[in-house]
Amino acid sequence: MRLETPLTPSRIPVAVLGATGAVGQRFLERLARHPRFEIAAVAASDRSAGKTYGEACAWRLPEAPPAGLSEMVVRRAEPDLPGVIVFSALDSETARSVEPRFAQAGYRVFSNAAAHRMEPDVPLLVPEINAGHIELLQTQRRRRGWRGTLVTNPNCSATQLALALAPLERAFGIERAFVTTMQAVSGAGYPGIASLDALGNIVPEIPGEAEKIESETLRILGRLDSGAVVPAEFPVSAQTYRVPVENGHTHSVSVLLSRKAAAADLIDAWRGFRGPDVEGLHSAPERPVEYVEERHAPQPRRHAGRRDGMVTWVGGLRPCAVLDWKFTVVADNTVRGAAGASLLNAEFLVRREALESAGRER
Amino acid sequence: MRLETPLTPSRIPVAVLGATGAVGQRFLERLARHPRFEIAAVAASDRSAGKTYGEACAWRLPEAPPAGLSEMVVRRAEPDLPGVIVFSALDSETARSVEPRFAQAGYRVFSNAAAHRMEPDVPLLVPEINAGHIELLQTQRRRRGWRGTLVTNPNCSATQLALALAPLERAFGIERAFVTTMQAVSGAGYPGIASLDALGNIVPEIPGEAEKIESETLRILGRLDSGAVVPAEFPVSAQTYRVPVENGHTHSVSVLLSRKAAAADLIDAWRGFRGPDVEGLHSAPERPVEYVEERHAPQPRRHAGRRDGMVTWVGGLRPCAVLDWKFTVVADNTVRGAAGASLLNAEFLVRREALESAGRER
Amino acid sequence: MRLETPLTPSRIPVAVLGATGAVGQRFLERLARHPRFEIAAVAASDRSAGKTYGEACAWRLPEAPPAGLSEMVVRRAEPDLPGVIVFSALDSETARSVEPRFAQAGYRVFSNAAAHRMEPDVPLLVPEINAGHIELLQTQRRRRGWRGTLVTNPNCSATQLALALAPLERAFGIERAFVTTMQAVSGAGYPGIASLDALGNIVPEIPGEAEKIESETLRILGRLDSGAVVPAEFPVSAQTYRVPVENGHTHSVSVLLSRKAAAADLIDAWRGFRGPDVEGLHSAPERPVEYVEERHAPQPRRHAGRRDGMVTWVGGLRPCAVLDWKFTVVADNTVRGAAGASLLNAEFLVRREALESAGRER
Amino acid sequence: MRLETPLTPSRIPVAVLGATGAVGQRFLERLARHPRFEIAAVAASDRSAGKTYGEACAWRLPEAPPAGLSEMVVRRAEPDLPGVIVFSALDSETARSVEPRFAQAGYRVFSNAAAHRMEPDVPLLVPEINAGHIELLQTQRRRRGWRGTLVTNPNCSATQLALALAPLERAFGIERAFVTTMQAVSGAGYPGIASLDALGNIVPEIPGEAEKIESETLRILGRLDSGAVVPAEFPVSAQTYRVPVENGHTHSVSVLLSRKAAAADLIDAWRGFRGPDVEGLHSAPERPVEYVEERHAPQPRRHAGRRDGMVTWVGGLRPCAVLDWKFTVVADNTVRGAAGASLLNAEFLVRREALESAGRER
């Protein structure tokens, strides 16, 4: 970010919608040190518009706010922003009406909101798993007549569950999956859950969360057929809990595989999993999924933030008396499960378009 | 407890082994306000023996230490204690050698330790569920030649799981059960888990805990056949996690029933569940299992301690896409899962013996 | 509370304003097991009025909600309530207009709100310290023409500071006092402070709190002169912090005394402190202030709730290199610092009026 | 760190004593990304010696362990280590005997241990404040006949207090200072404080801490006179508390100044404070002390880790009714208060020696 200087020619200007919220802050923190993107505009609700970002926003991340950001003037979330790429950290209700307006007006929108994730022509993209789903954009443009595009990333818990399951699905097939989530308070945004509820307590049933996990995971793992996503077909059952952890979601997972496999095979599947379509991209870790051998691992406070928060950590693989195998999955819900996921999606699409464009020129 | 006055004739003197530890303190706190039992002796390791309880012990419960307790002299855990009933809060390794010495010497021992729980002639008693298992004491006396008896209560998590499953098992039969536990730090004793591990974190895999839950639950739910317990036969799979909660364990449970049933049937089963063999006893709640209707319930900090900590709380019943039903279970791990359970077992046995004795006299 | 039966003649009917909030719940929990008072009405905002208490209120205390309460219909906070005594758990802004309407209409109002605490004719009552301030009610009635009365109890932190200082002020005089508060999240009400702010964090400067502590403490310790309170005159300096503790405020205090005294003298002063004007009342502990000898005490989670939450705990007395002595003070902010204080004030006034009435008849 | 390759000529090999503990891990994490130092040896207790670091140590930092570290063989803490510079993260008792053996044998030892901090010929170095104290090394060498040197950094709380006070002391003089500390659990090492004590609780009186703060702060701020440190002479009074915060200490401070000053003057003093003797060094922040204007700041979870953990954050300046001014100070206790401080001291001494050496050659 070079807010004080003219925008850098080699960089792509981007705008962030919902810039003052918890996920918006995480977007900005990561964009400010991004090698290709450059913050050109920040937008928020009418209440914040016209103020400087410093006035409009109580910065709440442990990392310091990016230099120069606090002087930027917050704009309204209208499609007149100086940004070719738009990252949306809007709440779902606002996203429902605002994001299409941007896509209509020609912006490429990368959204963390739930509003459009399950629509048939909107990619729900985890590019290590389903890069091909980007083909839906053709349908999307055709059907909606948009000049721009809308790409979504999944719910935080669905993302890390899908990343832990994808290597098993590919190698062995999955018949059933059960997950109990222990989700950090950062996942509820700000102010989110009251401290009187969170401290020294476990709160069952995060509203709407189990449904998102169950449906989005199957859509992520689905295959593209005749321009539509056919969801994976095994049953997924989720129970969700809010736990007194600042950041990092923990999943207790159990799976039934289609083909029997030894523990070593599963670990090989996780460790061998790669995202060839995102290889070399700034936000793509070398290995999207890491299996940790040590006992009592992974842990949210110890593992979630490692590798810049983009790795999904798996550990504690043990036989399950009910299904086949059980294990623990940890990931950074605000990074891999939110802002980092959107950025990776944008990096992926930008490179893909550049390659296509180069291909056409040749 | 009337430590300053001569022991009360109408009360039964009791001794507590491992009296200075976390569970020992919970035993004493409850005994001090018990209508039938009276603390006659406290015993602990050789390091503490000879000191007053106040000197030997850093009291760590939120409740104040019982009046008079701190002046009692701590004794060695030798079978020369002025107590007819012995409550054991010993660690498992010490319990292995010490408890039989007391039983041998004629004491009735009620143990919270894991050491002898799975031995064929030792009752693993949750008297609302398996009061009949007390019959094992006949085998125990015969086989071991003890003048006293040894009765155990299960692991804290196994206790609350068994209490949530027993009504379903009776009403519908159970084919499979899956549980993910979120266990409070009080379950690890003192000093237990380091705060650097616990704060804002989830630690997977409590050592030995999954195995105890899986085996003890089936033994509790087992039936007595020819003087031996035949464990229940459905698979139980447990994943265990330590969470930053002071007290109260939370379980995410999923079950497959033998006979299909509606949600209302399950709730009726829980609410209709009674413990006729312990009815009216001091430590027995009117209803051992309570189903709470409100959403986001039960919660460990809000529900575990209600009804003097002896109720198992169930809530959030929802269909499960993998098995049949999923729900949340909360109980007080230091009370229903430890000291309170031992006390209830003792109350049950004392009344039973009194009735038998009265029967013989008649 | 006998909500299902006709009101008990021997009991005094009471109403609670702001009954659905955090302090309101604490009032109801304590009133339900009160020997003299009986809940006759619960009132809350217009949004809740007309609903049952169970519908209007998410009960958030660890203790179960009182039996029968959830069926009571919530009323508007209008002076047509069937209650002779009114407890106000209103927020300060609402209290400013509502409480006088009740006092005007003849109700005796006991308020936990800050709105009228510093008004010259309103007693800011901690009856162990300043029972005589109740004389202000004569001025109040005269000046305002009210048929009823308004009595307030202080801010939670001011209450426990005043109770720790009063014995020293009486015995030795105080020249200066410095306090740093570490305040539990329950003090902020519900939803209060966001968990993202509270978890693993310290938040400086509770809004308005330092000012309340500094001014209210001196008014509590003030003397009555010609129908007005002359505040104590030594400087009090407060720094306030919100800490991730569920309940129980902790103060780090340092004082300069007017007359030099030994540690044993201070401890004697605290231990010898009594509240003769509230002796024998239900909510009055035998000793309002307890000094604990053991090291690392008092602690909010271990001490605040003991003795039904009405004792102020002092410990860790050590010489101070800057003033004379420093020590730690802990009390239950929702009980001694809020609902319990109001109840004690009401008990005090009821008995006083009964005695006066008996005196007149004789 | 290039553990797999021959040691880099341009880098200075270093050894870490007490390498497996909490502070040792922090040393290694920072050394592994240090531009001038290179980990040549790790040493720990005899119990760990001979094992690989990965076997000997449960890594507990949120950051991943440095690549290559886990294969290094842990050595005994004997002065035969391939390291020119030795960082000591030993506990104080071990440090008492071990550190002098290394200094005797010619090593330059930079110690975080309390053992030798208050000895008259051992620099207690915070080089932004008292770089000149390094002159004590001449006395040290002469008196002890050591071929090497021993330099200590202060207690974590003393460090941040001294850094907050030094600018005021220089600009206005200080007459008195009062501090209440709210210290993170990471300051107690591992396993440190039990989670049953820490969770939702405040524990008064960290053993020995108040004494260290009171004495070390004055020694840090002392002036060198005839080869000895004359401590600053104003009274410092400290009360210490352990709080449920993972990392980052918070201080509530009040000071009386020698010359009256306005708030803006104090803020200017903090902001204008520089460490000219460490300017440009890797571990030296541009400004050692930052004053933050926003309310409710600084906070340990939000500020302590910023600027790589080496800045001391001050905020909330307000007039004090007892002394002159009060404010809040936050710093990273494991970095600025421990490992980072030792590293800065070493960087400072290395550059100083290089300059002296260059000066002699000229």
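Letters are used for the chains, namely A, B, C and D, taken in the order the chains are written, and counting of residues starts over at 1 for each.
Here is the rule we go by: a contact is a pair of C-beta atoms (placed from the backbone, for glycine too) under 8 Å apart; a residue touches a chain by one contact, two chains touch by 3 or more.
Everything numeric in this text was worked out from a predicted model, so none of it was measured.
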item: Angle, in degrees to the nearest 5, of the Cα rotation that carries chain A onto chain D; value: 180
item: Higher-contact pair (C-beta pairs counted), B-C versus C-D; value: C-D
item: Between chain B and chain C, centroid-to-centroid distance (C-alpha), Å; value: 39
item: Centre-to-centre distance between chain D and chain B (centres being mean Cα positions), rounded to whole Å; value: 48
item: Chain centre separation in whole Å, for chain D relative to chain C (CA means); value: 44
item: Interface hub residues of chain C, defined as touching at least two other chains; value: 60, 197, 199-200, 244-246, 301-302
item: Footprint of chain B on chain D - complex, ascending; value: 22, 60, 185-186, 188, 190-200, 244-246
item: Chain B partner contacts - residues on chain A that touch it in the complex; value: 176-178, 180, 182, 197, 199-205, 210, 214, 235-237, 239, 241, 243-246, 250, 252, 254, 295-302, 315-316, 318, 320-323, 326, 328
item: Touch list for chain D against partner chain A, complex; value: 58, 60-64, 199-200, 246, 294, 301-302, 305-307
